[in-house]
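Two complexes follow with subunit A in common, the first pairing it with subunit B and the second with subunit C.
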Partner chain A sequence: MINPILQSELADSVRAIARIPSNVPVTAESRLVEDLGIDSLDLVSIVLTAQETYGVAIDEDDVAELRTMADLVVYVDRRRNAAAA
Partner chain B sequence: MLERVVVIGHGAVTCLGRDMDATWSGLLAGRSGLKRHDSLDLDRFLRDVGGMVEGFNPGTPDEEASVSKLEAKSIHLAMAAARMAWADSGLDALESGVAYDPHRVAVSIGSAFGGQDLLELEIGRAARRKSLAYGPYLVPGLIINQSSGQVSQGLGLFGPSVSPANACAAGGHAIAMGAMFLRSGEADFAVCGGAESAFTPPIMNGFATMKALAHRRLGDRSHEDASLASRPFSVDRGGFVMSEGAAILVLATETAARRLGLPVQAELIGWGMNSDGHHMTSPNRDRIVHLLRRTLATAGVRPDQVDYYNAHGTSTVVNDKVETEVVKEVFGDHARRMPVSSIKGAVGHALGAASAIEAAACVRSLLDQVMPPTINYLPDPTLDLDFIPNHARPAPLEVVMSASFGFGGTNNALLFKRGDHD
Partner chain C sequence: MWQRWMIVHKVVLKTVLPVLRRLPHRVSVALLGAMGRLDLLLVPNQAKKYETAVAEAAERLGCSWDVKDVSRKLSRHTYRWRARDFLLDGRSDRQIAPWFKVIGREHLDAAVAKGQGVVLLANHFGSHLLTSHWLFRQGYPLRWFSERPRNVSKYMTKQFQTDGPLGQARMFISRRSTPADAASSILRAGRALNAGLLVKVACDVRWCGTHTANASFLGRPLSFSKTWVSLAAMSGAAVLPVFCRIEEDGIYHLEFLPSYHVPKEVGRTGQDSWWVQNALNVVEDRVKHYPEQSNDYFFWGEVEEQVA
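Take a look at the complex of A and B:
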C-alpha cells in the first residue's frame, strides 16, 4: 500500500527537481526514466532531497534499483519507518 | 594582411538594468545600482551594500530555464547576456550550418569565482542532511567553464571554448582570447565576456578583511545613502562595492561580418595582456604602463589618438592612485585633455564580469558618441585628470581604451574604434 501523502509530496519534489512539464502526469505507475525523463543526476538529487526532508538514511547503492515512482515512495517510506523504529 | 576583428553584438545584465539598454540609460543618467540589501544580513556578512541583480535568482520565474538545474547564478547571468548579444548581432535570425559554421564559433566567458554561491548552498544542505553526500549538480555548477559550456549548448556553438579565471580582469581576458581565436583563423565568430555572482560570506567577508571593500561607517557619506559607497577617484574613496552581472560581446572577423551583411558596431583594433610578476594583490605601475604602451603600439595608435579611457577605477585608495599615475605616464600631455571615467561608481565591481561590462559600455560610447560619468565624485587634488564628474558627456569618439587589473597581477587592455556610421 502506497502512502498517498508521501506519494503526493514526492511527486511534487520529483516534478520540481527534474523540471517535469506540467502537462506530464506524475503517478505511482510513472517510470522514472522512460516516462519522466529523469537522468541519473536528477535521481541522486531527488533522493538527497528526500534524505534532507524526511531525515532518512539512504544507501546510494539502492538508488539504481528504483524504477518507478511507486518504488521511490515505498523505499522512502520504509527507510522512514526504519528510522522511527 | 591581418584579419580585422569587429564587434557585431553586445548584451549585459547588471545591477543597473536587466539588459544593456537599461544599464546604459542608467549609466548616462548618473544612477547607481548599488544599495543596502536585506539578503546581506549583518549576522552573516561584514558589509550590507552591494549591486545585486534582483529577481533573477535560480529557482525564480525569471531564471534561465535551459540552465535551471544549475543553481549557480553566474551561469544564469551569462546565459541571459549571451542570448541578448547573440540576438543583437543578428546571428540568431540566421540558419546555423548554412549562414555560418557552428564549428567556427568560439565561446570565451571568464569568471573569478564561478559557482561559489552554489557551493555555499550545498554545504548548508549537506549539513542539514548530516551527510557526506553533496548534490549531483554541485560540481557541474561550480566549475568556472560551465558558463561557456552552457552558452555553447544553449546557442549550439561547437568551436573552441575557454574560460579565463583571471580574477577582476577575467572578462577582458576572455574578450582578448576571443579575438585571438579570430585572428589565428580558428573561428569566424566569438561569443565572449564575463559573468559573476559571488555574494557568499567567505568571499565578501574575505574581501572586507583585506580592507578592499567600502565601509559605511558613521560619518561616511554613504552611511545614510548606500548609493554613495562606490566613488572612484574621489578624495574620500574607501574601497570597492561588490556587485554581480554579466556582459557578452559577439566578435566577428570583418570578412565574416561583411559576408553576412551584419552591421559593425565597433572594431576591436587592439588587445593586450600581461603579468605584474610582483605581488599577490597590489598592482604594479611599471608593468601596466608597459601593457598600455604595447597595446597602443601593436594597434598602430598614438597615445594622443585615444579619445576616452574607461578606467578600471575600483574606488580603492591604491588602484585609483596607481591607475592615475599610469594614465599620466602613458598619455603624457594628452592625459590632461583625455576624459577618463569609471562606471564602477554606478555598477560596483562585478569582479570577473567587470571588464566585460566596461567593454560593452565602450561599444555603446562609440555607437552613441557619449561618455558615461564617474558618479559620486569629489575631487582628490592628487588625482588631477578629467574624470567626467557626475554627468555624461557627448564627444566625437573614434578610439577608446579600457583596461583591467586583477589579483594575482594579471592585466589586460582593450582598444576599440568606431564602427559603421553615417
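Take a look at the complex of A and C:
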C-alpha cells in the first residue's frame, strides 16, 4: 500500500528537481529514468532531498533498485517507519 | 596510424620496463626520452605529426612556441608519459622519495585538516598518475572517482583493492553505467568525502549528456563532465587542484594549489559551467607554460576515436 501523501510530496520533489514539464504525469507507475528522463545527478539530488526532508538514511546500494516512483515512495516510507520505531 | 603506433609503444614498453626498473631512475628516464626521440627520427611522418599537433595547439592558444623544439621535447616525454607509474614498481618508499619535488604540500595538509574531505581536482597534464602514486605512498586516504585505469603499476593496483562501503572497488564509474548506478557511485564518493577522504576527480573529462558543461579548452569548444562541481557543492569538501610534470632529470614536480569551496547552491544558480571553465583555464595555463608536458591533450582527437 502506497502512502498517498508521501507519494504526492515525493512526486512534487521529483518534478521540481528534474524539471519535469507539467504536462508529463508523475504517477506511482512512472519509471524514474525511462519515463521521467531522470539522470544520475537528478537521482542524487532526489535521494539527498528525501534524506533531508524525511530524516531517513538511504543506502547507496539501494538506489539502483529504485526504478519507479512507487519503489521510491515505498522505500522512503519503510525507512521512515523503521527510524520512528 | 597514431593508434597503431600507441600499440607499438605499449609492446615496446612492456618489453623494456622490467630492465629499466633495475637501472637507476635517472638513467631509465633518460632512456625513455631517447626512445621517444628515436621515434621522431626513424618513424616516417612522425616528426611531421608532432609538429602539426604542436603548431595547431600554438595557433589555437595564441602561443609563440618554437614548434620544432617543443615537438622534440614532447617526443622525449611520450614514452615517459606512456610508462605511467610503472617505473616506481618494486621500489621502496625511501628509494622514490627523492624523485618527487613537492610544492604546496601545506595546501594539501590544510585541506585535509578541515576534515570535510578533499576533492582532488586532477587532470591529464604531464605525469598525472604520479600524484596518486605519491599520495598513496605518503599514506593519504585516497579514492578515485573515475573509470578504472587500465594500465597502472602493481603498487597502485593493490591500493585500489580497498573494499567496504568506502572502498575503491565500488567507486569506479563507467561511461556505460545506468543513471541509477552512476547515482550510487556519486553518493558513495560523497560519503567518502564526508568521512574526510580525498577523492580524485579529473576536471578535463569530455562527456556527453545532460549534466555537462560547454567550455573552451585549448582553443576548442568542448563538452565536459560537471560531476566534480556537484560533488564539491553537495559535500562541502575543499577542492584542491593538483599538477604533476616530469622533468629531464627524472624528478616529478608535484604542485598543489590553494584549495577553494564550491557554493552549495551552485546547481540552482546555474553557475556550474563557470566552475568547470575556471578549472580548465588553470589547466590551460599550465599547457601554455609547459607544452612539452601535454602529450595527452595534443593528440586528443585520435585517442577519442580509438575509444569509440
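We adopt the following convention: the second predicted complex is superposed on the first by the 85 of 85 C-alpha atoms of A that agree within 3 Å, B and C clash if a C-alpha of one lies under 4 Å from a C-alpha of the other, contacts with A are read in each partner's own complex, and residues count from 1 in each chain.
In this section, a contact is a pair of C-beta atoms (placed from the backbone, for glycine too) under 8 Å apart; a residue touches a chain by one contact, two chains touch by 3 or more.
Not measured: the values here are computed from a predicted model.
In the model built by aligning both structures on subunit A, subunit B clashes with subunit C. With both structures placed on the common chain, the touch criterion links A:V63 to subunit C but leaves subunit B unconnected. With both structures placed on the common chain, the touch criterion links A:E52 to subunit B but leaves subunit C unconnected. In the superposition on chain A, A:L41 makes contact with both subunit B and subunit C. Of the two partner chains placed by the overlay, only subunit B lies in contact with A:R19; subunit C stays clear of it. Touch criterion not met for A:L6: it reaches neither subunit B nor subunit C. A count of residues in subunit A touched by subunit B and by subunit C gives the higher number to C.
When both complexes are overlaid on chain A, the residue A:V33 reaches subunit C alone and has no touch with subunit B.
Once the two structures sit on top of each other via chain A, subunit C runs into subunit B at 146-154, and not at any other stretch of 20-28, 146-154 or 272-280. Subunit A residues in contact with subunit B (one complex) as well as with subunit C (other complex) are 40-42, 44-45, 48, 60. Of all residues in subunit C, those touching subunit A in their complex are 165, 177-188, 190-191, 209-211, 227, 230, 234, 267. On subunit A, the positions that touch subunit B within their shared complex are 17, 19, 40-42, 44-45, 48, 51-52, 60. Subunit B contributes residues 65, 68-69, 125, 128-129, 131, 133, 135-137, 140 to its touches with subunit A in the complex. For subunit A in complex with subunit C, the touching residues are 32-33, 38-45, 47-48, 58, 60-61, 63-67.
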